[in-house]
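Right after this note come the structures.
One chain, chain A, appears in both complexes that follow, with chain B as partner in the first and chain C in the second.
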Partner chain A sequence: MELGIDRDNYISVDPRTKMLLLVVFTLIGFRSTDIWIHCGMFTVMVLLMINGRLFAKAAKMFVVFALTLVMDHFADVLIPGGAQAVHIVAKMIRLFMPAIMGFSVMISTVKVSEFIAAFERMHLPDEVTIPFSVMFRFFPTIKEEWNDIRSAMAFRGLGFTMKNLLLRTSLIYECSFVPLLADTALIADELSAAALCRGLGANKKRTYMADVRLRPVDFLLVTVAVLLTVFEFVL
Partner chain B sequence: MVNFSNTVFKYKSEEDKSPTICGLNLDVKAGEVVALTGESGCGKTTIVRLINGLCPNFYEGDVTGDISVNGQNPSTQALFETAGCVGSIFQNPRTQFFNVDTTSEIIFAAENRGLDKQEIQNRFENVVSSFHIQKLLGRSIFELSGGEKQKIACASVAMMENDIIVMDEPSSNLDLCGIEQLRRIIEKWKAEGKTIIIAEHRLYYLRDLLDRLLVMEDGELIRSLNADEIRHLSTDKVNELGIRSLSMRDLLKGSVSQRGKEASGYRISELSYHYKSSDKGMCVRDLEIPTGQITAVIGLNGSGKTTFAKALCGLLKTQKDSIYIDGRKLSRKDRLRECFMVMQDVNSQLFSDSVMGELMLSYTERADKTRDEKEYVTKAEAILRDLDLYEVRERHPLSLSGGQKQRVAIADAVAADKRLIVFDEPTSGLDHKHMLEVADILKKLANMGKAILIITHDMELIKSCVGRVITMENGKPVDNYCLQDSNLNLLFEYFNKVITGHEPVTI
Partner chain C sequence: MKEKKLQTKDLVMAGAFAVLYVGIMMILATVLAFIPGLILLTPLVAGIILGPVYHLYLSKVPKNGAVLILALLTGLTMITSSIFVLVYLLVLGVIAQIILIRTDYSAKGIAASYYVMAMDGIGPLVMIYIGKQALLESFASYYGEAYAEKMDKLTPTWSLLVLFALALAGAFIGNRLGAKMNAKHFRKAGVA
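Let's turn to the complex of A and B:
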């Protein structure tokens, strides 16, 4: 098997492009009220998801987005009195969608090694690169821990039921975060020790097997991001 | 190759205590395979850390005396330099990966060293074919079993082609099959002439590989056995040294101790669960989990043991479940209320800021709220005394030792009046003495009339306390018997079947 080939995506997109899209789309998403700009950002993100073989997620997002459009369209006709509230809910959902989708694309379609390579291409020092890449290693870890903690809480009558969440909010909150923090601190420690024993942090030149570089598709995506920014902030 | 002379090491965080390593003299020659064993806290892990430089460069402390590893001193040189000649395998396969996908992890160390791209590609192909890990490539480490993760860790170390390899309790989280694969990897490395130092409790799998076995106590070497002595060590001598059994055959001979009296318990007429994302699942019909008895569920990783336990406890939304106790049918919620699971990683189930607080948390969930809180405190104190936790009742649970934390979780279950307590690998990574302590507590719980179910790979634990054994395969129980002197051989047959019947690891 040849190393350094991106098998998770149909077309390789540079992690730097994805980072840029995440930042720009989040900013525009929070500010913009223009439905066409939102549609444009949604299309780009859905295509990135499909490109990364995240079919189920892409389908889910498509349904949610379509639903907000349907809500907007029919609210005035069906519930004249409450139409304003429906519009606000639809808008709120659309507000967060680019950020959520961008984040999901980032975590699920970029490998830790590609991250490190991308950061290196930007000539960032290890002090920036390593914490960032560890952060991305951590999300799935926390998810795993979280499931354990939730099961443990269920045995103590502290399950995530509606009743518990409403009546014993602070207790539920405390019981889920105390072990989560304790666990993650321990994991972070062991993880760093293991990484150092694999020679991370050597001050000589590191080899990067990941083939990270800007390709035509990256220029295309960056152009889209620039155009959307111009539409939103300048025009 | 590895040389300690008069080495003393003291952790910075333990300044008020005596040094962890007191005057160690040790000389390991090139090509030797050496195991360090002894009770938890005896200092064997620290020796491993002194060799790979984590002590004092990561875990801070004071070193005196000389250490020489391949002519260099790992305490004074940078960690990445030591990483160039020492490869490390750790206890917890979950936390030793920097990457999320297996392929990147295997080449990670080689990339850090700045090897030429073509060289990395060549080494990678060699390692993949000699470890037979084609199937594991390009996968997320979160989908792998403990054994598979440890294999990836070994492959990553093999990429470095270091002459010295240190391992810190590498078998702790592995099933019998995973341990056998680990054994074959060590065998291969030994044949290649690598120097290997392993801190370990489980010894049976290393017996024929070891050139020396070092027994430690309180930071000092107290016994050194050579290859010949290891192979001829009598069972009595093993017991006297307080170490884990050196041979599965010896272990599974002789008699089992007195078992609890079985009473009728949870009758499972049908219980099935299928995962949405895969074709895996579990289906159990006509099985009884007796009360007053310890029942062990054995089977390889992926055989459905944990799924079975979780479904039984009501954690999973099962497709079909009809479970009865005393003729009464239990719903999923009933079971969640009656059952408790002591997890392998007990950290994630301790929520309060003191041990006593933990138990009071259970009070709020008790069915009979008629009794007042004061009475409950008295009761909780009795439970704590019983489990040897009374002295630490005001301490924060997370500041306790691993064994104490486990007992706090058990105390929670007793305080909440749970009738079925499930233990997930309660003795992984425990030395002989602590394993027996756990066995005693399990017996005590069974005598209280509780139904105890343990998921385990630990044959020594099974022999010391288990009364009934259920073997699972492909999500179904295939064997279910009462363990007696006359059928101990069934366990040995199972063990043999497991370690001979799987794909090869080495060339």
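Let's turn to the complex of A and C:
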């Protein structure tokens, strides 16, 4: 399966570790209100992003996170009455950040070949491995197609404006969904042709170019995840 | 006899459609969550919108296990909200799969199984009923006390039945739309 991402990470981190971090961080992120835990998760994720050369995204996330801290810190001083609302907004943003960052790390820094290698190392059957890998490969593609469809609709005066959404709901629905579904089906056909060329359909044991194994970094990251979990649930 | 075993081609297709299915459901749940009452409409809206996705997917991959994979992927993506969601979705997937096998993937069978699968729109809301107290506390800390109180009033246990009814209504409309879209566009264009 060809992948548009050809970035190499500075230090290779096993995809399984990233997946574990994504799951654990989302779990904790959605329930924890502790600022230190959120800071810890944020640091790990930003380091992973920088490691995967996602500099612009890491910078953006850093600014957003810093802003929420600033909002929390100064809300009480500056806006005596409406401080509560500001705190809620800051918390809401922090709530979603580990999940969003984890997803973009998964999607943009893991190659499909690494994915499949890691999954097969775990001795999972093809029925799980292939759909799962395709899924992560597909999120950016669908997003791109969706933007193209939206701009094509806007050219023809059927943009996603409030007025159109309310008055021409069924037309909007049909004009966006039919191409979206057709695109998905066609791209998936092409993708499976590419996958077959790479011998994914053959019932033989495959060899891998991707060098996937657990290294010291992985154990370090897993330890951090465990520590954060312990802090959240025990202390 | 038609081949009913999943090929690599079908697995790729399953992954692609799962992205649409899961992505749309997640976006809906997140968007609707901003207003307390609206999140309860997720089963209805998801049922309507996902109908065509489901119909096209099954007309492309009428194989044993196709729905199960869809349920598994959806469940795994939603697992972050609760482990029960995965179990719940797998149960739905198995039932839907049995219906499909019994009806030999006919149009009617697809529609019937969608009534079951559309219940997955309740998945993101399951937490409201299972861990109500914990959830209300976290709502209170995140969205404020007012939101939590409204949420509490809106979701007595019997309202779960309303959610199921909404999901069924959504599936009914979704089925109509799915069948219509397949006939009007995809079969003509050679996609389905």
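Definition applied: the second predicted complex is superposed on the first by the 206 of 235 C-alpha atoms of A that agree within 3 Å, B and C clash if a C-alpha of one lies under 4 Å from a C-alpha of the other, contacts with A are read in each partner's own complex, and residues count from 1 in each chain.
Methods note: contacts are C-beta pairs under 8 Å (C-beta built on N, C-alpha and C of every residue); 3 or more make two chains touch, one makes a residue touch a chain.
The structure displayed is predicted, hence computed values, not measured ones.
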- Considering only touches as defined above, state whether A:103 meets chain B (first), chain C (second), both or neither. neither
- Message: By the touch definition at the top of the document, which applies to A:27: first (chain B), second (chain C), both, or neither?
- Response: second
- Query: Should A:204 be classified as contacting the first partner (chain B), the second (chain C), both, or neither?
  - Reply: first
- Message: Under the stated touch criterion, which partner chain does A:55 make contact with: chain B (first), chain C (second), both, or neither?
- Response: neither
- Message: For A:10 in the superposed arrangement: first (chain B), second (chain C), both or neither?
- Response: neither
- Query: Between chain B (first) and chain C (second), which, if any, makes contact with A:148: first, second, both or neither?
  - Reply: first
- Go through the superposed model and pick first if A:233 touches only chain B, second if only chain C, both, or neither. neither
- Query: Taking the superposition as given, does A:219 touch the first partner, chain B, the second, chain C, both, or neither?
  - Reply: neither
- Which chain makes contact with more of the residues of chain A, chain B or else chain C? B
- Message: Per the contact definition in the header, classify A:88: touching chain B only (first), chain C only (second), both, or neither.
- Response: second
- Taking the contacts chain A makes with chain B in one complex and with chain C in the other, which residues are shared? 133-134, 137, 174, 178, 180, 182, 186-187, 191-192, 195-196, 200-201
- Residue numbers on chain A that touch chain C, as the complex places them: 23, 26-27, 30-31, 33, 84-85, 88, 91-92, 95, 99, 126-128, 130-135, 137-139, 142, 173-174, 177-178, 180-182, 184-189, 191-192, 195-196, 200-201
- Query: For chain B, which residues count as touching chain A in their complex?
  - Reply: 52-54, 57-59, 78-84, 86-88, 90, 92, 94-101, 103-104, 107-117, 120-121, 124-125, 128, 134, 137-138, 140, 142, 156, 160, 310, 313-315, 336-337, 339-341, 343, 345, 347-351, 353, 361-362, 364-365, 398, 412, 416, 418
- Message: Help me check something: in the complex, which residues belonging to chain A touch chain B?
- Response: 1-4, 7, 111-113, 133-134, 136-137, 140-141, 144-145, 148-149, 151-159, 174-175, 178-180, 182-183, 186-187, 190-210
- Item | chain C to chain A touching residues, read off their complex | 6-9, 11-20, 22-23, 49, 52-53, 56, 60, 65, 69, 72-73, 76, 79-81, 134, 138, 141-144, 181, 185-186, 189, 191-192
